[in-house]
Each structure stands twice: as structure tokens, then as C-alpha cells.
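Before any comments, here is the structure.
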């Protein structure tokens, strides 16, 4: 298999006032792999994702997507280059319907948003993929609900549906399973598994069952630095990681 | 342009700034902390002024009248909160604007029904009515100095209350998430009434301070409230420190504009044109300032930190 | 049929206090004539302009189109009158200004169906300029609100005052008028002028006087006013103990103590009905009704006879509170202007008294521009 | 101690709870489970007066809570770790704790900020940071700490371990166990069934707004419940 | 339901004026003309406010710009209607574009205030130009001249304004449902998410803001023609406020909301002010009641949504 690097991060740094959240991180995500980032709370995982997605700018460092440095590009431009993120704390458009939320994601991918005249909600080119994405996360039943009238777990599903509908090359998943019940979590794991090979994923997750089931490689972030990295087996066996993060979970 | 005039105008600007701060601090409390846009804040300013005028007539003493009018204004504020405002916290800003505009209309009409269209003058006690001779040969009205002093004292007290006390913390907690604060046992209903009443007192106090100068009149709060909003915005919503800095800034700019702009304009245009356009342009200054500040700092001078 | 009179004035906002005075005077006048003119009943429709030209115009439109009045009268503010003028005149109605007298309407925009029962803006300050000259004032500081009348007032005093004008402030006007004059007063004082001339109608007048006294300027710069210290401002000034205003001078075409039969009847009637002195606004409004009455009676109640009524009004043949006067070609009064002083009357109430005649049978300068 | 009976809740026209009944005994720990959107949070919110129940009774130590405002309910000794953290964004970490501080359960040695910082050293380092600047997990810790600061008699946790690192989760479960040992009652919603089973004495499973199973931890472990069907495990 | 009321209102407006004339009530045509112009302005505001969440507190500036685009050429004797309309659209659009570039960097109440600041600047700029009447305004003696249409005829003028309203409504209707509209709506609900999805919505907003400005400029031009008198007062912040009230009163985001709101607003004002000088009191109370009990404005009330 061609071990082509899709995303390369070099010496990335970000501090907030006195707190250095990400402290010189370098990593490589290969095309088609599921690359997990784990680490204690406050280690800088979400910050890393925000840096990659372009919501905040780095103090230093480079982010190469397919060889192109995108570190100074705004979030929307990166999204257009095929980068999509899901949010740790659910972020949808609350007053729109569930389906409309996904529709927006499809529209974003489609890119032709300066169209003033034709109704969007009856445009099959938008509606069909959106419905398919909802189907995929088994949320089709709620398509017509307002997005602020569904439960926490359903929000999480919607969050993933939107990320999927954007059909990105690289998915940045920030705790996708948070708030999902065991059942939904398992189904979601199945969905992500099905995407494996087709999409590249950077996965942040505290649920070790999910991480070990999905990840091809794992980076462990502690205090803003990469403390260990390698295959799931290697990381699981790493004594330092166990002490700093896993506890007896992996035993 | 002589130094004495500049010094006098600085003091005038300071006095206006302090007055604006009194108004703006109540706004920033209610607006920044409870996220409620209260256009009717200016009406409480008016109510304060009228109550004080009425009580000065009744008691014959300005100070006593202020002492009585302050709690009375607080009561009015609390009543407004209980009757109208409290149902609106969870609505969006537009609803606030609309409802409080309704309140303004009610207040203006009610005041006219009670006190008639003519204003109410307040007679200052003799000791406050004179002038003070300041160093540098400056003569300044005693009463305006008093306003400066009172305003500064209130600013300090307010800062301590909101930032340093547990009450202040609970108010802020309730503001950001009332349901959660309630679930922690904080009686947000009462707290909010309290804050609103406090804001009313500050507005009322500002009204009482200005009334002996311009007299209490209908609608007196409706224009100055916009300036107070400008202060809040320039300072950064919710920031008492920001409101203070911005109030002084705007007080000074406004006064300086009124004093020296026509001179400056005369350098560029005919005296006639300068004289007629100067007042309009100086009134425009604070808006230019606001737009300039927001162009570079879209959240004002002291924005809250967010993620 | 009835004689329908539309009356546009300001009833809301603080300026409503002026409107109230006018409305009271009109009601009193109608009562004094027994509610009838030339055998016809009088119907009065009062509209509030809210101190806004646009609203004033809207209300005029309503009076013309919906109420189909015969006379549109009232108008405190020059800009409101300018905005409403076209609606009333194009609608074929008589337009009578009971106060506002902007230069345009006296000059280029004069119209056969327009009449004034007041004065042209420039005249009163022109009288004041003469007074200043007589008293040997050499240097002056000028303050007025920045609107049509304010500009006219300043132009008026500049026209006759022979000394030097050391500074001038035109302050913000309208519903959010500037009322705190600290900066301007500091400038006036620093200018070193001998006297200050101000025009602040309504409540702004009271505010100005108060701050003038609080700043302790009585000894530095003498105060001369027009339309500022009047029956509207004085009660509040008295209440606030602004004794500095006693003895101050102003000019006017009228005074409550002017000795004419009609004026005695008016002032005593007004005081009796409302318990206060009438203002000049009231006096002019009172006159308005009598002017209309003279017109209606001249045509024997035939309200379609516009020409007849116009000719009658032109004669100014009615008992005016100011005594006899005549109309100029532009239908503004040619009349006297008096110097008045603020005094305490026998009952201890502050009022003004006429102490001198400054201009006799004075016609405004814009009349020359009127092609009528 | 707490008895909920026949609770029905509507959101607009759609019904979320269809007569939920559940009981928490003195010093008892209860697990409350169910898949997404089944009505767990709705039950909790109804208990705290955050949403209003249409019918049913909520008795806490014999007092009817249904019509009480939230703050009075909380003052009776109920503490909430809400779903989705809901820390106060505009208060610092320390202020978040201080603002909540009260000894509602009349504990002899009430929780202090210092004790909580000892339990969550991550928070100590951030004590002067605004709540909204914290990471997800840090916020979760703060939410737990905040609830503890009210020293409740009954602690209600709605997915309190969401987003926490495995090690921290351990600490939380240990702390809950300690609280229970002290005699505090606990009502916990959590997706980690084994952990919950270890802590709780009894469990309720809710499905589509109805309680479909209730029983002891032993029964749960012994396969008394069709967990596959109701929870997907 | 609100749709049905909207259509009913349109039908009334289409048939009303000839009936009013026939009944000898020309003044009603005036009221309806004003209503139609303001409703068109409010509809343009609704597009950015109700639909896009951009609460512009300076929308009246475009009415003013449109009106002066008629008044100033007319002052110089240029009466060509097409010229007026072209000027109105271009000037409003340009002003919206220039100010939007800065204003759209801000959010929430900051946006409200900065749009107000820009409007105030135009306001004071006009006030300071004495040539065009300053504060006192400008009388338009002759209305815009179009081939075949005589606007001096009240009925013709009315139907031109009515056509403008219909056009604006249809345009906004299409826009709201288009892809462009969806982006605007999405950005109103959650900016962060929209950016993460890849939308550079700043551009969409700027386009929408400019478009709304241009549309409103047109209604301003018609309003100026109708009143025959223009003054800075037309773009005072209270006028912007009134436009917002019309939108919110009617129901922000609902297509016919602004029309219903404008109708209710003018009707109430007309009825109540004819009834008592204290008309502001019942008017204010009504406003408050509508906010409290009719969520989503009158349109919401018609849909059966309660506060």
C-alpha cells in the first residue's frame, strides 16, 4: 500500500495567554488510514483539531494537506480543500430542520451557493445526498424535526451526518461517540469502519473500545506534545501511556 | 485657544463622561450580564429626575429628595422587571427592543399625564449652587464638581460589587445559564429583579444629577440612552471597566468637539459653513469613534474572553 | 355648514408645553366669540406635529384631504411650516402661521393665501441689535439652535448690531436638542465678549438661563435674549430660584402688560381660565381666531368666497392684542417691537413688562423679495 | 427519599414521557439507562423543574416538587451534574465553584474548592480561567465539582463521565462510591453499564418515555434484562 | 394563515384606493401609499434581519438616501425619474457595500450599533449641508417624471409604489428559498458550523446586505416622491427602529410579516393618535402585549404560536 501522506503537521504550536495548549506537534496522517489522537483531558486535542480546521491560527508551524501549506488559510477555504470537522460540543443550526442542516453540508460541498433564484429545498441534487447521509446515521426519522428539538444523542448523530454529507477527504472527528448510547456508539463505529479506506480520518476519542477497534495508528498527546505514537498494540502496551491516560482500562 | 479654556473643557468633558458612565453602567449590568437590551433604561433616568424634582418640592431639600428618590426609583425598576422584563430574558434581542420601546412610550405618556408637558425644575441648595475657584484661576460650578465625585464613587462601588462579591458571581452565573443556576439553588428570579432595580437606581441617579442643570423633562432619556449604548458598545458589552473608559472618552470627545470643531473647520471652509456644519459634525463624532473602534476591535475595547 | 379650522401644533415631547399654551388660547378665543363666526359654528381640529416636519406635513395633508378644513393654522416651528406649506396651499386652503416666520415664506415663497399673526423671524433680533447699540455694547457672543429660525435670529441680530461678534454657537436642535451648554458657556466666557445674545425657545431657554447662572456668568457677560425668557420659561426659573434673570432684557412685538383693550381682555381672561400668564405664542394664537373671524364675517359666512376672505384678512381689520397693525405685501404684520424687562408682579409672579419701543411700524427685509 | 410517579412530559405537542415512575431510597445509588432520545434527561429536567411535567407526582422526602421553582428544589438538597456540562462560561473556574457553594445536605465537612482541586488537579492549574476556555473534559470535571459544592443529599448525574479520559473516569467512579459509602443518595445516567452496575444498587431502563425494566445490579448482571434490546449491549 | 392574511391585505391594497376615492376619502390613498412604501422598505429589511439575522438598526438611512436621490436632483431641476431611480439604487447599494464591509465584521448587538452609527453619520452629514436644507429638510416641488406615467396623480403614484412592493415581496420570496438564502439562514443560526462546512458566508452576507440596501433605497425614492418633502428626520435612528418594529411586530422571517406589521403599525398609530394625545400609552401597552403573548409577531399569532 502506498504510504502517501495526506496531512502533515510540522512543529505546530498554539498558546493562549499562559497556557500552551499545543506545543510543537508534528505528525503525519496517511491517506486512507484512521489516525487516532488520544490523551488526557486538556492535552490539546481539540485545540489541535481547531488548528487543523482553521478555526484558530497557529503561533508557529506548518500544516500540509496533500503537500500544500494551509496553515494560514481560513476555515472555509480548508473545508473546500476537503477537510471537515465534527464538533466535540454539538454544533448545528438549531432553528433549521434536521434535513436542512445536512442539506447545507451538501451545498457546501457542491460549492455553488451564489444562486439566487431556484428553490434549494426541492433541488434533488441537494436533497438526495442529504437524505442518504441521514439514513446512514439512522436519523432519517427525524429529518423534518427542528434541529433544536432532538435529544442530545440525536444531535451527535446529526453532527456526524453533516460531516459525512460534506464528503470530505479528511474527516476530523472530535469525540464523535460522546453522548451516544452503547447501541448508537456501536452503530457509529460500524459506519466509520465502513468508511475506512475510502476516507481518511483523524479521530479524537476517549472511548478506548472505539479507538482500538478503528485506529490504524495512534498518537498520544500529553500536555500539548506527542508522548507516544505507534500501532494500537504498541500504544496499549506503553507503560507511560498507561500511567498518564489509560489506567487499567486497557488491561 | 488658551490653556484655561482647554482645562475648563476637560473638566466639562469629565463631568459629562461621569454622567454617561452612571447611565451606561446600569445598561452594561443589565445588558452585558443579563443579556437584556433595555431601551427603557432612559425612562428610568427620566423617572429618577421627576421623582427627585417632586420630592425636592415636597421636602424642600435636594439631598433628602435624592435619598428618597433612589429607593423609589429602585421600586419602579423592580416593578418593571416583575411585570414585563422577566418574561423576556429568554427571548432574542429583537423582542427586548420592541417591548422596551413600548415601555418608553408608556413612561413618556404616563409622565406627561402626571406632571404635564412642562419640565420640572429643581432648586439647588445654596452650598451647591456657587462656583469653586480651582488652581490655575479656573472657576467651575460647584454642582458639576459634585457630579464628578459622586460618579467616581459609584463606579468604584459597582466594580467591587460585581467582580468581587459572591452576589456578583451568582448574578453572572444566572445571566449565562438561568436554568442551570436555578438547578444549583440560585434564586435567579430575585437576583435579576435586584440587578434590574440596581440598574434603575444608577439610571435614576444620573437623572437626578442632571435635573438641576437641564430640568426634568419628558423624553429626556430617549436620546442620551443612545449615547449610553455607544458607551457600552465601545467599552465592550458587560465590561464595567470598559464602560468607564469609554464613558470618559466619549464625554471628552463630545465636549471637545463642541468646543473646538468650528475653529478647526474654519481652517478648511468658510466661517458661515463651518458654523452651521460644526454642530452636526460634532454630534457625529461619537458615531465615528464607535465605528472606528468596532472596525478594529469588533467586540469593543474590553471584550469578554471566549473560546 | 361650519367653519372648520385645522390647528397644527406640538402637543407631545417637552415642546408640548408651547402647544398647550396655544391650544388654550385658541379655545379661549373661540369661547370669547361665542363659538360662532358670521353665523356659522366653529369647528376646531387640533393636530400634533410631534416636533417633526414630516409629521406636521402628514397632519396638514390629513386636515386638507380628510377634514376638508377651510383654514390651516398654528405652526410653532419654522421647519414644520416650510414642510407643510405646499400641502395646505396646493390644497387651496388658507394657511395662517400663528408663530413660525421663516425668511423664505416672507420672501420668495410668499403666497396670496398665506397670512401670519406673528412676525418674521429676523425682526425681533433686529430690534435686539438696536437695543445693544443703544446701550453701547461693543462685543457680542451669539448662541442659537441650529434650525431655520435659529439661523434667521442670528442673521437678524447681525443685521443691526454694529459691534463685533466674537463667537457664535449653533447648537443641536430637534427632539434630541442639546440642553447642556457647559462647553459653549466656557467658550463664551473665554471669548471676552461684553454680552451674550441667545435664542432658545421653549424649555431650552430655562435650561440655558439656569446654567448661565450656575456658571456664575452674570458678572462676566451680560444676557440679552429673544423668545427665551417668556411665560413658558419663567415659572420654572422662578421655582428654581434663578434670580439672575430678573431685570434681564428681551425684545418682542407684544407683552402681557401692553395696554390695548383686546390685550387686557385676553390676558385677564387667560389668567382667569388657566391660572397663569399667557405666552406670546398664546397671544398670536388668540389673534389667529380673530383674524379668521374677520374674514368669515366679511363674506357673510360664504366660505367659498376665497377672494372675499383674502381681501378682508389683508386689511387686518380685527381687534389684535398688539393693537392696530397692517399687513405688508407678503402678509406679514408691519408692527412695533418693544423692549421688555423681567420683573416680579404685584402677586410675586415673575413676568415681563414693556419698557420701551425699539422699532416702530417695522417691516421685515424679505418683503422686498416677495412678488405680490 | 425520592419517589417519582406517573410522570408525563410534553414538548409542545409531542409527548416525551409516558408515565415514568421511579424511586430512590435513602443512601441508595440508582442507575438510569436507555438509548438516545428515550427520555432520561427529560426525566431529570422534570425532577429539577427545568421542564414542567403535565401530570404525575415528584415527592422528595415527602414534599411535592412538581410545582416548585428550580432553586427551591435544589435547596431541598438535590444536586445536578447536567447533560452537556453547562458550566458558567463567564465565571472563572473558582467562581463557578464559589457561586454554587452551599451546604444543602448539612454535611459535617462540606466540600471546599481546595478539596475539589485536590481531586481534579487539572482544574487547579486553571482556577482563574473562564469556564468557556476549558477543554471539554475540564468542563465536565468542573460541572461535577460544582454539583458537589452544593453538598446535596441526592446527587443526580446526567452523563457525567462523558468526554473524560479513562483515568479520570476511574477517579469519578471512586469518588461516587465514596459518597455513597457516606450515605448519600445518587441517581446516575451513564452509558458505561459495567461501571454503573458496580456503583448502583438498582437500575431503571427507559424506552420511548416508559420504564421497561427495573431490578438490582445482580439481576442486571444475571441477564435479567434484555440489554441487547433496550441498550444495545 | 399568515399567508392568507398577507394575500388578503394585498388584495385590499390593490382594490382599496379607487374605492377610497369613490367614497370621497382621498386621505386614505395617502395612508395606503405611505403603508405600501414602508412595507416595501420593511420587507427588504426582513430579508437581512428576519432571514439572515443581521439586525440593521440603520435601515432608514437607505430610505433617506433614496429620498435625497430624488430631492437633490430635483433641487437642481433634474426631474427624470429613471435618473432618480438609478441614483437611488446605486447610492444605496454603494453605501451598503461600503459600510457592510466593516459592519459585517461585527456580531450581535455590536452589529446593531455599528449599523446605527453609519446611519447616524449620513443623518448628520445631511444635517450639516445647509444647501439642501440641513435639519429643515427640502421640499420636492415636482415629482419624478416618467414617460407615460404621471406621478403627480395620486392614484398613479400609488400603483407604482404598489408594484414596487409586489416586486420586493416576490424577490425576497425567491431569495429566501434559494441556495443563497439557505446560506444566509444557516449563518444566522450557527456561524461556526457554517465556516467549518466551508462557507465563506461573509460574502453572502455582504451581497444580501447590499441588495437589501438597494431595495430599500427604491422605497425611499418613492416615499420621497410621495411626501414631496424630505428631511434628515427620515433616516433618524427612531425611523430605523420603527422599521424593525414593523418587521418584528409582523413576524420576522415570515414573508408577509413586514407587510402585516407595517399595516398594523400605521393603522394603530393613525387610530390611536386620532383618539388621544396620550396615544403612546395604549400603543406602548399593545406593543408589550404583542411581544409577550405573540411569539413570532402577528404572523406567529396567526399561526397559533403563543408566547
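The first chain written gets the first letter, and so on, giving A, B, C, D and E; residue counts start at 1 in each chain.
One rule holds for everything that comes next: contacts are C-beta pairs under 8 Å (C-beta built on N, C-alpha and C of every residue); 3 or more make two chains touch, one makes a residue touch a chain.
A quick note: this is a predicted structure, and the numbers were derived from the prediction, not measured.
Q: Moving only between chains that touch, what is the shortest number of steps from chain A to chain C?
A: 2
Q: Taking CA centroids for every chain, report which one is farthest away from chain D.
A: C
Q: When the C-alpha atoms of chain A and chain B are each averaged to a single point, how far apart are the two points in Å?
A: 48
Q: I'd like to verify one number: the distance from the centre of chain B to the centre of chain C, where each centre is the average of its C-alpha atoms, in whole angstrom.
A: For chain B versus chain C, the centre distance works out to 35 Å.
Q: In whole angstrom, how far does the Cα centroid of chain D sit from the Cα centroid of chain E?
A: 51
Q: Take the average of all CA coordinates in chain B, do the same for chain D, and state the distance between these two points in whole angstrom.
A: About 44 Å, centre to centre.
Q: By residue number and range, which residues of chain D touch two or more other chains?
A: 133
Q: Of all residues in chain B, which are in touch with two or more distinct other chains?
A: Residues 108, 112, 276, 279-280, 283 of chain B touch two or more partner chains.
Q: Which chain E residues touch at least two other chains?
A: 127, 134, 280
Q: Which pairs of chains touch each other?
A: A-D, A-E, B-C, B-D, B-E, C-E
Q: Would you tell me which residues of chain E are touching chain A in their complex?
A: Its residues touching chain A are 174-175, 177-183, 185-186, 188-190, 192-201, 204, 207.
Q: Within the complex, which stretch of chain A touches chain D?
A: Contacts found on chain A: 16, 19, 39-43, 45-47, 88-89, 149-154, 156-157, 175, 178-187, 206, 208, 244-249.
Q: Can you list the chain B residues touching chain E in their complex?
A: 31, 37, 84, 87-88, 91, 93-95, 97-99, 101-106, 108-110, 112-113, 226, 229-230, 233, 237, 273, 276-277, 279-281, 283-284, 287-288, 290-291, 294-295, 298-300
Q: In their complex, what parts of chain B are in touch with chain D?
A: 166, 169-170, 172-173, 175-177, 179-189, 238, 304-307
Q: For the complex, give me every residue of chain E touching chain C.
A: Per the touch definition, chain E meets chain C at residues 25-27, 30, 34, 127, 134-137, 139, 141, 227-229, 231, 233-234, 273, 277, 280.
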